[in-house]
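Here subunit A shows up in two complexes: once beside subunit B, once beside subunit C.
Now for the complex of A and B:
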């Protein structure tokens, strides 16, 4: 029943698109004000998709196995929370969520852009409707979430247990808010190009959308990363896995756009660059969806795959890119602004330089991610590109990047000079000395670590100085940059001071090394709603003699029959202690991994700080208005 | 001959082109060095030379072949045509089991002996890495 309502509601939403387009075209040259009907139908479209989405949620909650999506991804014994989050934990449901956010955002856009020109609003709506129609067709044709199965199965197939997790329940919606937010930027950039409206005013208007999508995208990536850290049991937070990379690429592009928009707003330069970035960001977001959903990525977490779907998204993506190129080349007039005077020493130059660095990072990630696909298509040679590739190419360029990030905010717009900037050198020297003191006693690569740490400390100290010097001026930028320096520092220290032990133990055995003594005490069993837990008890004694009880867990899920391990993590402000336990079929041995991960929690905190910086910028604007 | 602005423009274009080509060169160069090839046991058998590069192998874990000790894990990877012995110490993913697909990363010692540094985790009991599937289909 709920499925039926959902399906027809979805069709009605699709139908609304045509009404919206029809009224928009009529209204375009007609009157001065926006036709009320357009707004109403945009609302109805959103409303229908909401109904449809709720229809799917209800089907999941009541375990209606006549619905194919529910049958494939749910089970009666699954806890209610995961029944609901299972709605978007699969391909069909997650696309419906995409659509929901798409329609929500365009409605909000219309509400929030009242002071803008009518033609600009309508054109943005039209471009957005093209995307929306594409997604409707995709959903209804290749991945209908409301397909029937007869006879009705008694029991569902269950949700992949590693997805039954609170962080991963909210990870897709948050990430999608970021992805889809970029669609509004895309549509409005195209509308702006058509109307020759890419200017200070446009920048001022679209800035909010850029910030909102950027905050959500950052948070979405963070949630995914936290999940990978404690759920996958590898003890890391970033693996340069293709699925991670495809979320990093739009992030890099969006971050670049965010800085570029600020320059556009202040100086009315870099117009074309802003347009190109708007298009790139959205194209990359679509690419992300395509690569994850098509199954062509050889990834450790390819969840759903179907070549037909991949082909559809690919064609759709090409149409959108072609459309945007067409609009860009035919409508974009680069007014001759008597050769922009870009001074070497100015804020905009610093931002532009870091724009190019970020583009470089983007190209590296892009090539590392898609090269294996191309090579396989062309030569059928199967390869993978691992972390060393990314580290080697990104880390050296991170050094100037960090330094420019520290210097840029110290400069003025238009023209600045380097007088009274002696403190910069002073801070650089302090950072260097501090780094040498830390690094010299460690058996690590002295050269790279010193330079890298110096650059990170430099940014760290300069931003701290700015907190005192500038007070509340530019607070959002300051917090975000401070967060970034903290992130790099935490990652570096985490890398340098991490410690790990991997061993196989039987119950009752003890592992001894010069640093730790790990005794495997016993195991307990516990029955939960949809899994059986095996909880190990370990006593860890370190060289200082303090002891610690760790109890990692194995979960044997009933449906699907999968074993997952739950790491036991003891977190404090300085260090994380992390233990996972795996078992090998029909063997007495358990595979134990014990890790000391310093500053782990600071990696999360610093990313939250970065988001917080963006958030302040949003509210500050409201306050000033 | 040319005005100052024109010269400046030329300089800019030149600079950007140099940087661009330099970075592309850099990327391709390190791509060459850091790529990990995937081989099936059969492909390894017909390998002309064994070098020190990191590779990945994939196939099925042979039944009754897992042998576990405190420090080491030994098993046999098969594509039902050829086999290869693998020795490994490190984290063992939960889905690692006899009769299931596996991908291991590491170094080839000779044509029938592989020293693994990583066993890749997979998230789904039905999931088979595309490479393994293909290797199995080809048999």
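Now for the complex of A and C:
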């Protein structure tokens, strides 16, 4: 029943698109004000998609296995929370969520852009409706979430247990808010180009959308990363896995755009940058969707390997790309070329330099992700591009990047002089001395680590100084940059001071190393609603004599039958202690991995700080108004 | 003139990207080892689980008949899960199932069979795991479909509804 309502509601939403387009075209040259009907139909479209989405949620909650999506991804014994989150834990449902956010955002856009020109609002709406129609067709034609199966199965197949995690339950919606937010920027940039409206005013107006998308995208990536750390038990937060990379690429592009928009708002330059980045960000979001959904890349996100779906997203993606080319080359006039007069010592130059660095990072990630696909298609040779590639290409360039990030905010717009900037050198020296003190006793590569740590400390100290010096002036930028320096520092320390032990133990055995002793005490079984848990008990005694009980888990899920490993993680402000166990193909032995990871929490905290910086910027603007 | 070069260049580049992705779609990325040319089953000797008598492999697998060789162990949790499928096959009397008890403790293996009943016609012991290596097994459980002393199909991991259907399809 709920499925039926959902399906027809979906069709009605699709139908609304045509009404919106029809009225928009009529209204375009018609009157000065926006036709009320357009706003109402945009609302109705959103409303219908909401109904449809709730229809799917209800089908999941009541375990209506006559619905194919529910049958494939749910099970009666699943806890209610995961029944609901299972709604978007699959291909069909997650696309419906995309559509929901798409329609919500365009409605909000119309509400929030009242003071803008009518033609600009309508054009943005039209471009957005192209995207919306694309998703409607995709959903209805290739991935209908409301397909029936007869006879009705008694039981569903269950949700992949590794997706049954609180962080992952909210990871897709948050990430989608970021992705879809970039679609609004995309449509609005295209509308702006068509009307030759990419200017200070446009920047001021679109800035909020850029910030909102950026915050959600950052949070979404963070949640995914937390999930990989706690649930997958890989013992790290970033693996340069193609699936992670495709979310990082729009982030890099969006971060660059965010800085361009700030320059555009103040100085009315970098217009072309802003347009191209708006297009790139959305194209990369779509490209990510294509790569992870089509089965070209194999991962947990590859919900279904249906070539028809992949082909559809591919064609749709390229239609949008070629459409934006057309709009850009046909309408874009680079008229204020003569006006660009960048002074070498100014804030905008610093931003521009770092934008180029960011573009470089983007290209590295893009090549590292896409090149293996190209190579496989052209020569059918399989290669794997791993962390060393990214580390080698990114880390050296992070050094000037961090330094410019510290210096940039110290400079003024337009033109700045270098007087009174001696403290910069002073801070650089302090950072260097501090780094040398830390690094010299460690057996690590002295040269790169020293320079990198120095640069990170430099940014760290400069931003701390700014907290005192500038107080609340430019607080958002300062918090975000401070967060970034903290992120780099935590990652570096995490790398330098990490410790890992992998061994096989059976009950009663003890592993001894020079740093600690691990004894396998015993093992317990516990029956939960949808899985059976095998819980190990380990005592870890370190060189100082303090002992710690670790209890990693193995979960054997009944539906579908999968064994997952739950790490036991003891977190405090300084270090994470991390233990996983796994079956060995012999009855008594278990494979134990014990890791000490310093500053793990600070990685999460610093990313939250970065988001918080963005959030403040949103509110600050309201406050000023 | 200059302005025309960029769009043409970009369209060209993106068309190539489109083409590569399009071709990439056709290559499925899911890796399933496939026994393309049928391989002869290995010749080996093993002890019988029940009476410890040495059996020669050529006495077990006769020509013109289908057999299922199932590698299992009492410590292997997925083996428990797949057991019901083996029992069903056994009850339907469609095929003779040969068990290969892999690196197992005799008493525990016996308890496993007492609890869950045995679907096997013969059970062979593979205490040190060498016979499984001869067969080219990756791990436990693993199942081989044999016809005319050749491996027709190999199923890595526990059996499920689909693999059972496939097996039934082949032996029909």
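Following the convention adopted for this analysis, the second predicted complex is superposed on the first by the 613 of 625 C-alpha atoms of A that agree within 3 Å, B and C clash if a C-alpha of one lies under 4 Å from a C-alpha of the other, contacts with A are read in each partner's own complex, and residues count from 1 in each chain.
In the analysis below, a contact is a pair of C-beta atoms (placed from the backbone, for glycine too) under 8 Å apart; a residue touches a chain by one contact, two chains touch by 3 or more.
The model shown is predicted, which means the values in this text are computed figures rather than measured ones.
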Subunit B versus subunit C as contact partner of A:322, first or second or both or neither: second
Touched partner set for A:377, first subunit B, second subunit C, both or neither: second
Touched partner set for A:433, first subunit B, second subunit C, both or neither: neither
Touching partner for A:311 - first (subunit B), second (subunit C), both, neither: second
Subunit B versus subunit C, judged by how many residues of subunit A each one touches: B
Subunit B versus subunit C as contact partner of A:563, first or second or both or neither: both
First (subunit B), second (subunit C), both or neither touched by A:368: first
Touching both subunit B and subunit C, residues of subunit A: 298, 302, 561, 563, 583, 585-587
For the subunit A and subunit B complex, residues of the former touching the latter: 160, 162, 232-234, 298, 300-303, 339, 356, 360, 363-364, 367-368, 371-372, 381-386, 388-389, 392-393, 502-505, 509, 511, 554, 560-565, 580, 582-587, 589, 591, 593
Complex interface listing, subunit C residues touching subunit A: 3, 6-7, 10-11, 14, 18, 20-30, 73-78, 81, 103, 105, 108, 139-140, 158
Touching residues (chain side subunit B, partner subunit A) in the complex: 5, 19, 23, 26-27, 30-31, 34-38, 56, 66, 68-71, 73, 89-98, 120-125, 127, 129-131, 134
Subunit A - residues contacting subunit C, complex: 290, 294-298, 302, 305, 307, 310-311, 314, 318, 321-322, 325, 329, 373-374, 376-378, 380, 556, 561, 563, 583, 585-587
